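What follows is a set of structures to go through.
Below, subunit A partners subunit B and then partners subunit C, in two separate complexes.
Presenting the complex of A and B:
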């Protein structure tokens, strides 16, 4: 035995540093801490300074100040002038809040009801309804908005184009029904109702059945149980779902653009873009900043709810034996109604886009008015369309598609890998400040509405030192990667939480190196979750419009921004064709990955 | 052969101290149990010896080699400590079959294929799980998974085997069987076992030495029977033994270096110690195991039955004696009526006395009724 008496002191610092760096999880956290500070905090700083500085163009002319000098005039203009303020700030803000709250309520109502029917009643065709119901969530929200317009536009509103409903039934819907806040609420609410369905349904399904059974034994009636036991238990989930839909609705850009332009109904995000385009950049950045603040606030409230009451929804092994409510005579009717409604919102958009992409004269759905020229027409048969040929034989379209797919794949590889590494490192070092910092920083971009986020990066890319970034493929990838990291890191954390640390330690004992542990043990166990982590960013990039519109070098650079320019410039057939193409691509990717690995964008709860 | 020495080991987390200045010597081929209530630092200690956790300060030597030394910045990774670790939840890799689970570690040690195959077969036979080789962990029962975990841990023939509450997920009957198996494995494998448990019965029956801890501090480190008969303090006495020892407040006066005049339960008792001692204070606590308080005719302590718990082989009887609830164990099945009057006697030569304020043991010996 050694005669040296070990001291009771802590290890000397250099040993502690060495021990700290010997753990791969610590290295990963340090790397991401640095990267995320640069990528998500620095742009924030740029945006903040932009709120107080003079920009070239309109501002310079109006204020007669040097570009880059400090000013408070953006605030004065946005808030002091009552007229300007009402039109450009308060009304759009109010509209945003109405749309957000309305769609939140609608989403919960639809999603929650369907979730209850699927998990707690003896409804027929559960598998089918469940599978079709989540469809609209997979499609971009703006496709539903376009579908709405295709269906209900009529000769009396907007551009006066005849839609499917008028042409088939001769019914003219009033303007408030076709454009403005009402359809925005319906479209966003419908789009997110599968999200509510998945969250609430998941909890209803995993809820400990004995909680309800013990109430049954105490002779409580079915309705009493729902009111006093079931609803209070799912309440935190409902609130949290509401807030998530609320913030998504608030941040939504594409839906209000499509459904609001005709009636000049602005929300905060659409106004922000309009102001920046009109040269009121300072004001635009202020609005971006305010929406980030609001997003943070909502997330804070959400964490307050879920954090404190999370324990309510403990998942136990003995669930799934719930006695189902017998719907009796109503069963057939409710099942039929749900099937018809889900089919309508899942299949009809596809039919509608297919139709719209082949008719020559809008509003005339007779066979003689149809052509495949918008798809496969060559130069000779091309119309006065601004495009040299149909989209399937068109170089611009193919390049847009290739770029978009390339972007999606690149972003997914980066984001999926980062998310997983962050998940691994954060879970392993859970409880340390470093782990908390990285987890929060990775989630930070979620708080920023896509439009605000794009705006910030636009500010960075147009600043003198980063001019080389502007309009580059790299910038698009970078922005998308940061923007979609929150989901990936969340799912990374969740999937790594499922694995007991002993599973990895058992391999450490055998001297298995870190890389092999990841490759041979952790990845294979969480294969499905990890592949979902890669799949989600692919789909997100494939359907993203708002984030890219500001950052692409020219509108027809990507498929989604191309679509946007078609719709803005009135080539509706091309727009519909491209939309259909995007939906088909997204669905194919999802089902392909699902077939191969069992992972899915939406993990069904039905059946 | 491996001897494990812990010198001044401490582990502090941000806010609390898990292990405080722990000194421990685990001799070669011993079966040492780290025993204590949950949160006492026993698992942390085990993980520090294994290298899964880094101590804050101190030194650990395995077989004379320092594997951790805070002063010299030595911290060998687990795989260079030649150990095996059996986890509470088995930590079997769910995506590998039983055979793959066992062979994976050997592959990592760069064994050649034929040798791996032979060793896997040997392990399957040793643990009687030959028929499950191709199955996945989820297709096995808890007891079978446990055996696979043991096989995987033993496969590379580690010289030290660490076990973290390996039996706590099994039902009572299986636990009993596995205890027998572990004891047999210990003698067959010739290695040192370090075993963490909160189950005092497991510690008593399995180990050659028990290390009892509470809130990060070592309470007593001794062979099981010594822990049972000569507990170092009241905590150790209360933690070991089921049903728990009776603690009776008493008042004592020293007659000579080995004799005390004690007054407890309103009765005069004489205590004769095994060795000379000095009475630390007059307020003391007498610790009497239930088996040393038999119910018999002619006992001097009158008591009334509170409840009777027959277990077949023996019966635990709780009875009130002058305001104190006492526990007695009687051999065989006896059933007493509630409030029935009985008489208790004091027998045995392992009555322990604790100081009334410091709760430390200061003497042990015999007791008889009456004055000297």
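Presenting the complex of A and C:
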């Protein structure tokens, strides 16, 4: 008996391991657990060590220590010197918090209001408003920032360059309106309001209307119903949306760069880059780490509210009768107002960028001041402005575009596929620690602001063992794939949750191999959701700047970093032309995918 | 495990030896190249290109792209083999220190960089890059500009919008007066090292003395302050308080001042006037050409050429540097010399007479010149000055 015991103990384990590995879902989870530890957690460790070491450049020059030596001086400088600390940490932190909170509130206010009108009222032109309202979310946030400057800069602000509003109407807006915290809040709030619209609209559309109807029968006033019933029901969704916008607003980099530089309004992310650029990398890494901590905290709170929301919305069944609020006489006015506003922020930026890309003298919008040289200029005409040729006949621009599209496609293929596999494996093994670990690890990059995430990979790629990564296309693909995985993995989990395991089990009984099951059963059922999982990374990569700005070998390597460089260095017309090009590409990709597959941003809510 | 460790260590050793051997051979090649004629270098360059090399170079000045195009036209067998990439000043040394020796495809073979002190500390001292200077030009380029090799000087000048007449600034201390609040434009010195170096140079003993004298001339009393370490610090404090940072680049400052409000003044790169629309160009005046400003009317900095230690085409790099220092390269069609604000260290090259500019010697006592040795020798003091500037730039 005693001699048999050890083999009996071993055999079940061996069988268990074999049985465990026989399931594709387990293999997938093991693979992603390893990959995500290496790609998410290990870079964090590198970043942590970089907070305590001396870097080449200013730090080496200043401290007179060898590169890589251990030091606490980054912490001392950032926190122990009150004047330095206030200018480089506390004030930027406060500004970031103000922008994040302000844009969160504004986004909710605009997005929530529109969502209510679309789902709960008899508003006219719902389909049109719904389709156009999501435009600003598809556009990169910084395009709205540039649009804001193009519109409102004026002769009394900054350097006195005339913008479109002053040029057409003679109105000069004050400085706080044009640059600083206010426009940052408005622009980020407007950019994320479609996001709030999609989330809150989704809840409102699926919400049980019985309570509201009961209140209506009991002759409660409309405002009372909204205040006492509708808002409390969607409150968890509102809070969750607020926190997600807060998190994105806090991490925003490009908008504060464009709207804050003139008034020295730094946020944590712009200061982080400024310090890294000035050679104070250690302090930059500390700020990146603190941003990640804050992001983690926010997302933790969000998960708390999301949990509450789930319990809220599933308490009662869904009413089949949704009575729409009749707007009566106000319908025409509200519809017209929403159409004008959505058109202004969706279409006007395109018009503005088109105009800015052809004018020679800033602020002069007469025909005689227009030229196509910035688009198709020959060597001579373009040379005067410092470029070898107009952007459509410029090899550098085309290479930037090819790289950006190549990167977007490569990242989408990797991320979309990984997201779907993670979704499949997590759902099939739901409840196990492995499933939970992979799901959480896949979501981990979402907690990190893009600039901080880029900074982490900068730390890895500049460490002695990984220098071969620095400035490579592979690094950009890698960092983008990890950063954009959370959306795809969540989308994958959600779509796979909707498929009953019995369908796959039936095929398994008939001996259908796993690959065929995926290809012939699971993919076709969730085609639209899976394609959305591929589409989102394409659009994310096509508009991303902050993630790549520290990692590209040179600024004109990608289209977006080239554009950022154009705008920072004063090639305003080229910048506008490239911006227009990027927006058109993104909208075209979305429309094309929508036409081919039916997947799009606003699907499911509009009208 | 032990076996694996020893294999890994051996591999690392072999790699380190290979890198140092490569660095050594580049240094030897550059030494040999300095004594060669251009014809000999061209032959060597052709051999390098035939073996698959491409000269990738980084530059902070966009004119280098045109210089490269002219170079390839002059040496047709190198056509398509010289690839330019513009690089931001602030990221220059982060990128170079990480890319040199990384083995990444298209990593730079040479670079045209500004900010001499960082070039010395980050690249030359650590032998990540090497200096190259042709022996044939030793007599026409002053010794101070041979190591590291300066390929061009660039100046930033006080230029203002004259739509309502002259601003009549005759002493730099006028710029710290309240009436200049928000009317003087300057690129954020914490983002642009040459602007930072200009302010740092003002703290040198030589410039502190000049600033003190200018203070006395302007205010009619001796300088004294309990708050500031010197007159230069006081000027920097007052100047940064008045600076308007609306425009984030020299080009934006140039076009912004030209089309903006009357009386605005900027200290920005002179050559950026080429970006200003023809209609706006008459709106701009160069202060130095109107008044001999007491103390200075701008600053001058250097652009250096440096060859990366892992290049596989050192002779092509040498030939390209020769080209940049020659009259054909520097003063050729649409090259540096055709624009205002670029000056060759080669004393045989004069600015064209039809350009609204003056030759290099004219500026020698009117501008603050960047001194690599002064800034490099600051040590801990560098941090103090940087801190002083940083907290005044940030709100």
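In this section, the second predicted complex is superposed on the first by the 574 of 607 C-alpha atoms of A that agree within 3 Å, B and C clash if a C-alpha of one lies under 4 Å from a C-alpha of the other, contacts with A are read in each partner's own complex, and residues count from 1 in each chain.
Just so we're on the same page, a contact is a pair of C-beta atoms (placed from the backbone, for glycine too) under 8 Å apart; a residue touches a chain by one contact, two chains touch by 3 or more.
Keep in mind that this is a model prediction, so the values were computed, not measured.
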Contacts of A:406 with subunit B and subunit C, given as first, second, both or neither: neither
Touched partner set for A:19, first subunit B, second subunit C, both or neither: first
Touching partner for A:202 - first (subunit B), second (subunit C), both, neither: neither
Touched subunit A residues, subunit B compared with subunit C: C
Contacts of A:521 with subunit B and subunit C, given as first, second, both or neither: first
Contacts of A:507 with subunit B and subunit C, given as first, second, both or neither: first
Residues on subunit A lying within both footprints (that of subunit B and that of subunit C): none
Parts of subunit A lying in touch with subunit B, wherever the complex brings them together: 1-2, 4, 6-12, 14-15, 18-19, 22, 431, 500, 502-503, 505-512, 516, 520-521, 524-525
Complex contacts: residues of subunit B adjacent to subunit A: 5, 7-8, 10, 14, 21, 50, 52, 54, 56-59, 61, 64, 66, 69-71, 73, 75, 77-80, 83-85, 87-89, 91, 93-95, 104-105, 108-109, 152, 156
Interfacial residue positions of subunit A with respect to subunit C in the complex: 56-58, 60-62, 64, 81, 83-84, 86-88, 91, 155, 157-162, 179, 261-266, 271, 274, 276-279, 281, 360-364, 369, 383-388, 461-462, 467-472, 550, 553-557, 565, 568-572
Parts of subunit C lying in touch with subunit A, wherever the complex brings them together: 58, 62, 65-66, 69, 85-88, 90-91, 93-95, 97-99, 101-107, 117-118, 121-122, 126, 185, 188, 190-191, 244-257, 259-261, 264, 272, 274-275, 277, 279-280, 334, 376, 379-380, 382-383, 386-387, 390-391, 393-395
